[in-house]
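Mind having a look at this structure? Questions to follow.
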Amino acid sequence: MSAVTDTRHEGVERGWARGAILFAGMAALLAITGATMSWNVALTVLNMGLVSGIMALGVNLQWGFAGLFNIGVMGFLALGGLACVLVAMPPTGEAWAAGGLRLMAGLALGAGTVVAAVLLWGRMSPGRARTLAMLAVLVGGFFLYRAVLDPAVAAVESVDSASTGYLGGLGLPILLAWPVGGLVAAGGAWIIGKIAPGLRSDYLAIATLGIAEIIIAILKNEDWLARGVKNVSGLPRPVPLEVDLQASQGFVDRAASLGLDPVTASTLWVKGLYGLLFAAVLLILLWLAQMALNSPWGRMMRAIRDNEVAAEAMGKDVTRRHLQIFILGSAILGIAGAMMTTLDGQLTPGTYQPLRFTFLIWVMVIVGGSGNNFGAVLGGMLIWWLWVMVEPMGLWLMGAITAPMPDGLWLKDHLQDAAAHMRLLTMGLVLLLVLRFSPRGLLPER
Amino acid sequence: MELLNALVALANYVVIPAVAYGSQLALGALGVTLVYGILRFSNFAHGDTMAFGTTIAIFFTWAFQGLGVTLGPLPTALLALPLGIAGCALFVLGTDKVIYRFYRRQRAAPVILVIVSMGVMFVMNGVVRFMIGVDDQNFADGARFVIDARSFRDATGLDEPLVLRLPTLITLVTAAIAVALLFWFLNRTRTGKSMRAFSDNEDLALLSGINPERVVMVTWIIVAALATTAGVLYGLEKSFKPFVYFQLLLPIFASAIVGGLGNPVGAVVGGFVIAFSEVGITYAWKKVLEYLAPTEALEPSGLVQLLSTDYKFAVSFAILILVLLFRPTGLFKGQSV
Amino acid sequence: MSDPYGSRGNNDRSITKSNEPLGGVSGDIAGTGPAADGGAAASAAGTAFLAGEGMTGGYGRGADILHGCTVAVDRGRIAVIVGPNGAGKSTAMKAVFGMLTLRAGRVVIDGEDITHLSPQDRVAKGMAFVPQTSNIFPSMSVEENLEMGAFLRRDDIRGTMAQVYDLFPILKEKRRQNAGELSGGQRQQVAVGRALMTQPKVLMLDEPTAGVSPIVMDELFDRIIEVARTGVTILMVEQNARQALEIADIGYVLVQGANAHTGTGAELLADPVVRRTFLGG
Amino acid sequence: MIRVENLHKHFGGFHAVDGASLEIRAGTITGLIGPNGAGKTTLFNVIAGRLSPTSGRVTMAGEDITGLPPHALFGKGLLRTFQIAHEFGSMSVRENLMMVPPGQAGETLWNAWFARSRIAREEEALLRKADEVLDFLTISHLKDEKAGNLSGGQKKLLELGRTMMVDARIVFLDEVGAGVNRTLLNTIGDAIVRLNRERGYTFCVIEHDMDFIKRLCDPVIVMAEGRVLAEGSADQIMADERVIEAYLGTGLKNKDAAAGATA
Amino acid sequence: QDADPVRIGIILGFTGPLESITPAMAAGAELAIAEVNEAGGLLEGRMVEPVRADSTCIDSAAATAAAERLVTTDGVAAIMGADCSGVTGAILQNVARPNGVLMISPSATSPGLTDAEDDNLFFRTAPSDARQGVVMAEVLQERGITEVALTYTNNDYGQGLADAFTAAFEETGGTVTISASHEDGKADYSAEVGALASAGGEMLVVAGYTDQGGKGIIQNALDVGAFDAFFLPDGMVGQVIVDELGSGLETSVGTLPGTDSAGAETFQGLATEAGFDGTGAYAGESYDAAALMMLGMAAAGSTDSAAVSATIMDLANAPGEEILPGQLGRALELIAAGEDIDYVGATAVELIEGGESAGNFREVEFTDGSIETVNFR
């Protein structure tokens, strides 16, 4: 029946048209922001929007392609952020001298204990002896590990704890931290995948959430690693400092020739550079994801998502594929996390909260349209734009409501006090509206 | 004596607080698990539903207190609870009518409903703060303690105190009653069974003459009742603050999931698992060991703490993951859509 | 399974939608279908207890599956629908049960036009339906499945339940077990048992014997005859067409959503073309 | 080809397979029949690696395959269909078939990114193959339909179609016939015979349609209550008292009455 | 005159974990602004207009965008904020420095911010953790307390203060039996209290916030009878906590920034008049931050941040006439007259190298439901 094929084809074309229109709409939103507020705001939003798009892409890979319900997004972003510190900060020589090597030895011991236990488990035949032996290895290993590690940690952390107190990084260019962030996150994902390969749906979700919380707890409390809650600020940047540009005569002249003052020109220029970097990464990842989705590999993944049992019976190694896509998606999240930390210029473990760094990303994916890479990216940019814009929108809304009320009315005061909370309320309303009109997301999976 | 002291210390600092916290989580988790079991989505707005119901109950509590109506030793809030439940039920039913029903009719995938519930969460978030503000509200009155530290010490002559708070006791009793009722309701009554049937196979439920709107309505009313009760009891024991109620969401979810989603007994057991692992694992055994050590020399020098409290969430999550490794759909074989 | 948030039940959205009113349904039923010799069906429809007349419609906004299809059955009689896979048999059943929005045609029971009633209301009118797939409540026990069948009944259901257990002894053994853990044939028995619990006036069965062992199948057909004798009207789809047509008062052969052949069960069985093309020789 | 030795599968206290021992000889089309709940599907599930046995052993051509995961068994040429159709609901019918062949180049990400032309060639061949199968199953007009939207019988056909996408050594068919039109089922039966003769596939077929069994299968194994009750040629089996009592029955009691009702 | 108003950005976490503290902080800053406006405004009668923005406390990117909006859209001349160290750092590096805008934070106490590159644009009115730690140790020592348990909110403020206190206290020969962090906004603090109780001590030092985890811990500790005396540093001292815990704090002490000048009391009076709680955490600091930046503008005679920030240290420190809350008008007059002032404000502001508050402290007790100053340090 050719009619069927025709309607499908038409559907595809309509999908493209819809995508083009929506992306144009997104661009228009940013343009309006730029024109009415300022181009600096628009670029700020755009940059983080691009990063959000990458985050959404990562989640979409896991959820939209393979149906893996990962709500530990936050943890992988944080691992990416950690990579920035480990790669780009200068090493703290004194801390290394104080106990760096011992610390490394302690860590190696810890890892060795786990490996030994796992090997033992694999080698010995099942039975009580095996359980006992493994427990002995683990407990013994744990105490040994603590005995080696604890003094080293104390030594490292006591080195000028107000400004360093940690081992520092490798002092390499920060751009290198992006792929490394991906690798670190991938490593984390590999471990999770090895530990919990059988978990599905909400049970996997809560496990990933738990692991994210554990990662954050480590980041917050292991000061020797990245200063814990004392934060690492002043990360090197991949782009010049605005103040340096403002101080450079050449730049000022060029800005003047364009009719811009140095401050505006330098801030816009720097944001533009960031934007280009982010856009490049986004495009590469988007291309890779798109190619993967539209290949036999993507087909296999969708089959697994649709029906694991049947896919397994059709010879697909579901566990391995899940692990693969979990790692890939997490790696993308790690890259995005590193990019975000680079943009912030600091690592602040205390700021990683599930609402912002997990659930908001999920909102992006679902609103954009899960299973559709372009949808995820669009959702990332749109929801980010909203997240930032709902604040003025909420204030404006409250202003509009209270304007006709007489001054001094208690309700007016009450409303104005609550104005800040219009932010989330507006976010909720817009979210509900968007989902009302496109319940399967803005760009649904075909 | 020393042994008694050790036991009392353990009870006072680990067992009773964990039981109290556990039953609070359990009540919250019952609501989450019910929405999941019947309506098939994880309701992110549950924390804020609790806050909303509690807010209304607090307003009525204040009104009663203003009028001088009290319950004697029991907190006045209990009197206001039914009104809070009613208000909350009205609100969630409204929410369902305006929002959720649309997606149900659309047969939207549950994950869409999850995100929709996040939208509802944001809105309720604003509404609650608009109504009662962001601050701590203390609305407890009546007796605070069943057994307080001083009278326990005086009565027993022990060094260690044992404290039992009235709200703790009420929460525990309520949680026990709630789970029994819910279990009975779902497994024994016609309406309850029809709700399970609806959750199992919506189309077939329809073909059996089950009215889906009624099922949904009953579900929401029960959820509102559970949420408000949980919120009020938590507020009585600790205090009410919207942000904390939002934060309660995570441990509540963890409880529901570790117990097995959709299973009321699982929710309760899950609540205790989470509470005990949070409170118990990081306990410093120093005090207990001091009482137990036969001679001074054997008393511990350090804190004898397995892990510092910094890691209490990490530990409770680690335990959760461990449980899931051995029981991939929770302790009580929960559902998995 | 693998999609934690996949949907449950089947995907046709129309089920929960209440039927929108149909504008200007033509009474000209015989003319709507391209049936070869569907005339008999059309004329039978006029007086039948249950009739879907000239039904045209499809799923959601998709193309039409049914093209003026007509099925009808008198009170206490057995009608059997047969036809190739994908002919629209199940769709026709769903249409009669109101789970599909019709674009043309109507459904009549006992002289009353019920085209606009929701499936629920049809249940209240005494209709019962066993769908072809997902026809049990998997995480409820066998007994609860049966109870749900009797959801609208207010009288004592124990007698009926005993009858069902009599008919399907294995179910009695497994009554505390979750229906989702049963074997394929056992599930099918639960599904039919659930419908029987309704004590319906009209019993609609979509391939009740698929996957059922011969001995149980015979029992089932026996039981269907008995039930029909008590005045219950029966409409069923069968692929075990020969056995089914043997007990049928009237048979319909559907092809591509339209009536292709209609006749008494014996007539159809005797028709060599029908035998060869639809009944497997 | 497949030998099952004293296999047990227990669900809680219930013994679904209770010491079954049987052999499926290479090159045969073996029928497996038995009352509902006899444990046939459970036995399939254990052989195909979907369930792990409580005890007992399964060997394939002498090699112990007990407890191997399904995908590994698929790799060894052991294919199966499901009694309750397991289609990939959100994918098109054609995709449902094209995903089956193992070791596709395009299943590696590297190739998906950097060897597009190789994949394109491979896909071309797969597409042709899939279309052939669909033609055979008379559902080629549905090739772009979502599999989830198929009719009950069409889903069963799709189940069967998947096993036709690859070269197998042994195929387990769990009631492919239930819900499939008898005329088409005959065609399918012919195909099974052809595959068996021409390509040497071994088949093990669960079916309740005795005509079908009689036409195709030799030998026939009867299971009841988790054990093998009888084994032999179809005719032998159908004459076996125990089998008649447990499984076949003696036909409609009300047959005459039914005819009466019609009149 | 209807000249353009001078805008001042108030960027605080109105939503998020610290949402219950921020309203009083914003109100504090706005109180100072209102005072200046009443006195006739700045720079030849230009009114000062506060523009609020939400830092969310936790979301650096959103905070950056909000600050960007303040600076590039609303054109604020200076930023009062932010509250949490993470977002403060992000705003400083990504918005304030690039645009050369003055920023005074009332509460970000991270030691890391001390060394941050700030082009001399960043100041803090919050007291230094290091100094307060020493003061706390002194108070305890004088009261003859040698063994305490310590819990701190798990952020840079809490940890910084805990470190400083532990060092100082151990130096004086005291013992900290346990130093356990707690997370704010969580549902239950039994585990922390259990560990603290087990470790024991004559007093429990709680370095947290009045209506966050700190309060939860105290309440819990009181309920189960784990401790009955508490030491409350600045973040914990507020009328709220006294009201809620009442007699439970009878035997407790606290420290908070302040001199024997009447600054704090005056500020509380003004706050009560304006309808907010002047004892709320960092409300006074916020007032001071806003006041300082406005006085700086007056002194610089422009809103140019570079010029303004050059005056801040002078204004905040001696010599000069002391300026208390409510005297901003007087201060403006003095500045106009070219005289030196020493801004003392609500929290005895004294800025040291690095642009943060040196900190003088009051020692307080909580009797009969009110906060009573018993000593100055």
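Per-chain numbering from 1; labels A, B, C, D and E assigned in written order.
One rule holds in what follows: a residue touches a chain if its C-beta (ideal position, glycine included) is under 8 Å from a C-beta of that chain, and two chains touch if they have at least 3 such contacts.
In UniProt terms the chains read A = Amino acid/amide ABC transporter membrane protein 2, HAAT family; B = Amino acid/amide ABC transporter membrane protein 1, HAAT family; C = Amino acid/amide ABC transporter ATP-binding protein 2, HAAT family; D = Branched-chain amino acid transport system ATP-binding protein.
Because the structure is predicted, anything quoted here is derived from the model rather than measured.
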item	value
Chain located farthest away, centre of chain D as origin (C-alpha)	E
Of C-D and A-D, whichever chain pair has more C-beta contact pairs	C-D
Chain at maximum distance from chain A, centres defined as averaged CA atoms	C
Whole-Å separation of chain centres (CA-atom averages), chain B against chain D	49
Separation of mean Cα positions, chain D and chain A [Å, integer]	45
Distance from chain E to chain B - Cα centre to Cα centre, in angstrom	35
Chain A and chain B, separation of their C-alpha mean positions in angstrom	31
Where chain A touches two or more other chains at once, by residue number	200-202, 205, 220-221, 305-307, 309, 311, 318, 417, 421, 423-424
Of all residues in chain D, the ones touching two or more other chains	89, 142
Junction residues of chain E - those touching two or more other chains	17, 19, 23, 154, 181
Footprint of chain C on chain D - complex, ascending	11, 33-38, 40-42, 83-85, 89, 138-139, 142, 148-155, 157, 175, 178-186, 208-211, 246-255, 257-259, 261-262
Chain B - residues contacting chain C, complex	40-41, 104-107, 109-111, 114, 190, 193-194, 196-197, 200-212, 335-337
Chain A residues within the chain D interface of the complex	1, 4-5, 8, 288, 291-292, 295-300, 302-303, 305-307, 309-318, 324, 328, 445
Complex contact set, residues of chain E against chain B	16-17, 19-20, 23, 154, 177-178, 180-183, 185-188, 190-195, 197-200, 211, 215-216, 219-220, 223-226, 240, 244
Complex interface listing, chain B residues touching chain E	9, 12-14, 16-18, 20-21, 24-25, 129, 134-136, 138, 144, 148-150, 161, 163, 165, 234, 238-239, 241, 243-244, 247-248, 251, 275, 278-280, 282-288, 303, 305, 308-310, 312-313
